[in-house]
Amino acid sequence: MLKPLGDRIIIELVESEEKTASGIVLPDSAKEKPQEGKVVAVGTGRVTDNGERIALDVKEGDSIIFSKYAGTEVKYGGVEYLILRESDVLAIIG
Amino acid sequence: MLKPLGDRIIIELVESEEKTASGIVLPDSAKEKPQEGKVVAVGTGRVTDNGERIALDVKEGDSIIFSKYAGTEVKYGGVEYLILRESDVLAIIG
Amino acid sequence: MLKPLGDRIIIELVESEEKTASGIVLPDSAKEKPQEGKVVAVGTGRVTDNGERIALDVKEGDSIIFSKYAGTEVKYGGVEYLILRESDVLAIIG
Amino acid sequence: MLKPLGDRIIIELVESEEKTASGIVLPDSAKEKPQEGKVVAVGTGRVTDNGERIALDVKEGDSIIFSKYAGTEVKYGGVEYLILRESDVLAIIG
Amino acid sequence: MLKPLGDRIIIELVESEEKTASGIVLPDSAKEKPQEGKVVAVGTGRVTDNGERIALDVKEGDSIIFSKYAGTEVKYGGVEYLILRESDVLAIIG
Amino acid sequence: MLKPLGDRIIIELVESEEKTASGIVLPDSAKEKPQEGKVVAVGTGRVTDNGERIALDVKEGDSIIFSKYAGTEVKYGGVEYLILRESDVLAIIG
Amino acid sequence: MLKPLGDRIIIELVESEEKTASGIVLPDSAKEKPQEGKVVAVGTGRVTDNGERIALDVKEGDSIIFSKYAGTEVKYGGVEYLILRESDVLAIIG
């Protein structure tokens, strides 16, 4: 399994259709497009200058919308993942 | 429903007419133009380096003016939303 | 009424004549030109990383000089306002 | 009178001659040229993230050298002033 | 032996095949490609402004994925190493 | 006399010969060249966000090497000075 | 002798051969190349905003690898030195 570091999370991509299963319709414009994913692993959080570790707001299993072009693609065990920073997550679908 | 993260908010756009319902008239100049929206969800606030969470000043239901070109458009349940950071909010119409 | 957020203020513009009512004469040079305004609303101040809210030095009713090109124009109830950050205020005319 | 905000100061310009009254000779080179001024008003100081206000080192009446091209020109009561940040002050002539 | 400073780590490169021993398949796209390595030495951590030293999350022996183009190549004792900052580590393979 | 502000120092230039009195030979390369000077005045130090004043490490009378192109030239009483920030000082010759 | 300021160190260059005495072989690629040096003097450390001085991890006598193109060259007493910041040191050879 992959364990992300710090404030990073790993998501599985939800295929970007005209209208997704959860009802998000991605606009077809020149703007930065959001995308949908499912969180499969979260880091233990960043450590501040005070030595405190700030836990993430995103949990394993969350469905999220994130900024397109964010993160790094990885394939592991035949599945394609994306490693993001939590700050690239726009909203949780809940 | 969409739950924004950190210091992000989700707004419904108020159609930008010559003169809006609440009386804001948007100037027709080359300057950065403000726009009007209604807040439908707010994040739980950013976490500082001290581990403190700073609650937002903007509440659900507020009518706000925000900087044009700010944020990311999302459609959910057939409604168009905009996800902004609170720092993109210029003023509350109250 | 418009309520500015954080360290923002809202001012009414004082018409920029050769010599204004309060005696400020704006120079006619290529430099960044100051302008005069009257404060009609102030935010509750920015919140620091310690969770402290820093109140503004500028008060409602103050006449101020601010950096030209700063801020965002808004019309509300037929009056033209400018939304600035307090850091764009150069001096109070007192 | 003009009251500068935060870490700003207001100075009267001392005419830049070949050799000034206090003995400063401004070099005639391509480098950033210092200039001489007399402080007529100082702000109450910037407020840090701890909520502390840091008083200025420069006092009313000080003769100072400052970085050319710094600040904003203002005329008030027929006198030309310059509004600077204290960080633009290079040295006090004492 | 090489001892990295602060938040730096030293890794041995794991040859980038179509599919690596641990099952990571590196995508063949124009995006920033991750790479796999084995950690052979870690620094004692960065020192914050409070004088606290923040220990690293990565340990000697960890298999990691890191951002391509990160770090500096060094050969020592005939082996090729890469010196990275911990922030260049995307995930631990565990 | 000139009194520098904050973390600034004032130095007299030591003529840059092929080999200076103290034995520094300045390299003739395309790199940023160091230069030698004698400290004639130091500021009281910068004030941190905690309100603490950090005294300078450089003292009046020190011979120093500093980064070329740093600082601002001033002539005072017929002598040419250079006003630098302490961070532009590379080393003390002792 | 030269005494570096703050977080600076002074090193003597170790001639960059195909394979150095300590066994470092510098790669012949287009990447940023590390180089080897011997530390002859270290500063007393940077002072943080809390007024704390953070001592260096590098000691006099250490052999180090540093980023090429970092630092400023100085000749003193006929020997060529390089003045670096500690952050330019990649690893200690120990």
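Which chain is which? They are A, B, C, D, E, F and G, in the order written, and residues in each are numbered from 1.
Here is the rule we go by: a contact is a pair of C-beta atoms (placed from the backbone, for glycine too) under 8 Å apart; a residue touches a chain by one contact, two chains touch by 3 or more.
All values reported here derive from a predicted model rather than from experimental measurement.
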- Fewest touching-chain hops separating chain F from chain G: 1
- Centroid spacing, where centroids are CA-atom means, of chain E and chain G in whole angstrom: 22
- So, what's the distance in Å between the C-alpha centres of chain C and chain A? 40
- Item | Chain centre separation (chain C, chain E; CA means) in Å | 50
- Task: For chain C, jot down the residues that touch at least 2 other chains.
- Result: 49-50
- Chain sequence round the ring, chain D first and chain F second? D, F, G, E, A, B, C
- Using the touch rule from the top, collect the residues of chain D that touch chain C in their complex. 1-6, 8, 10, 41, 44, 47, 49-51, 72-78, 80, 83
- Query: Of all residues in chain C, which touch chain D in the complex?
  - Reply: 23-27, 29, 31-34, 48-50, 52, 54, 57-58, 65, 67, 86-87, 89-94
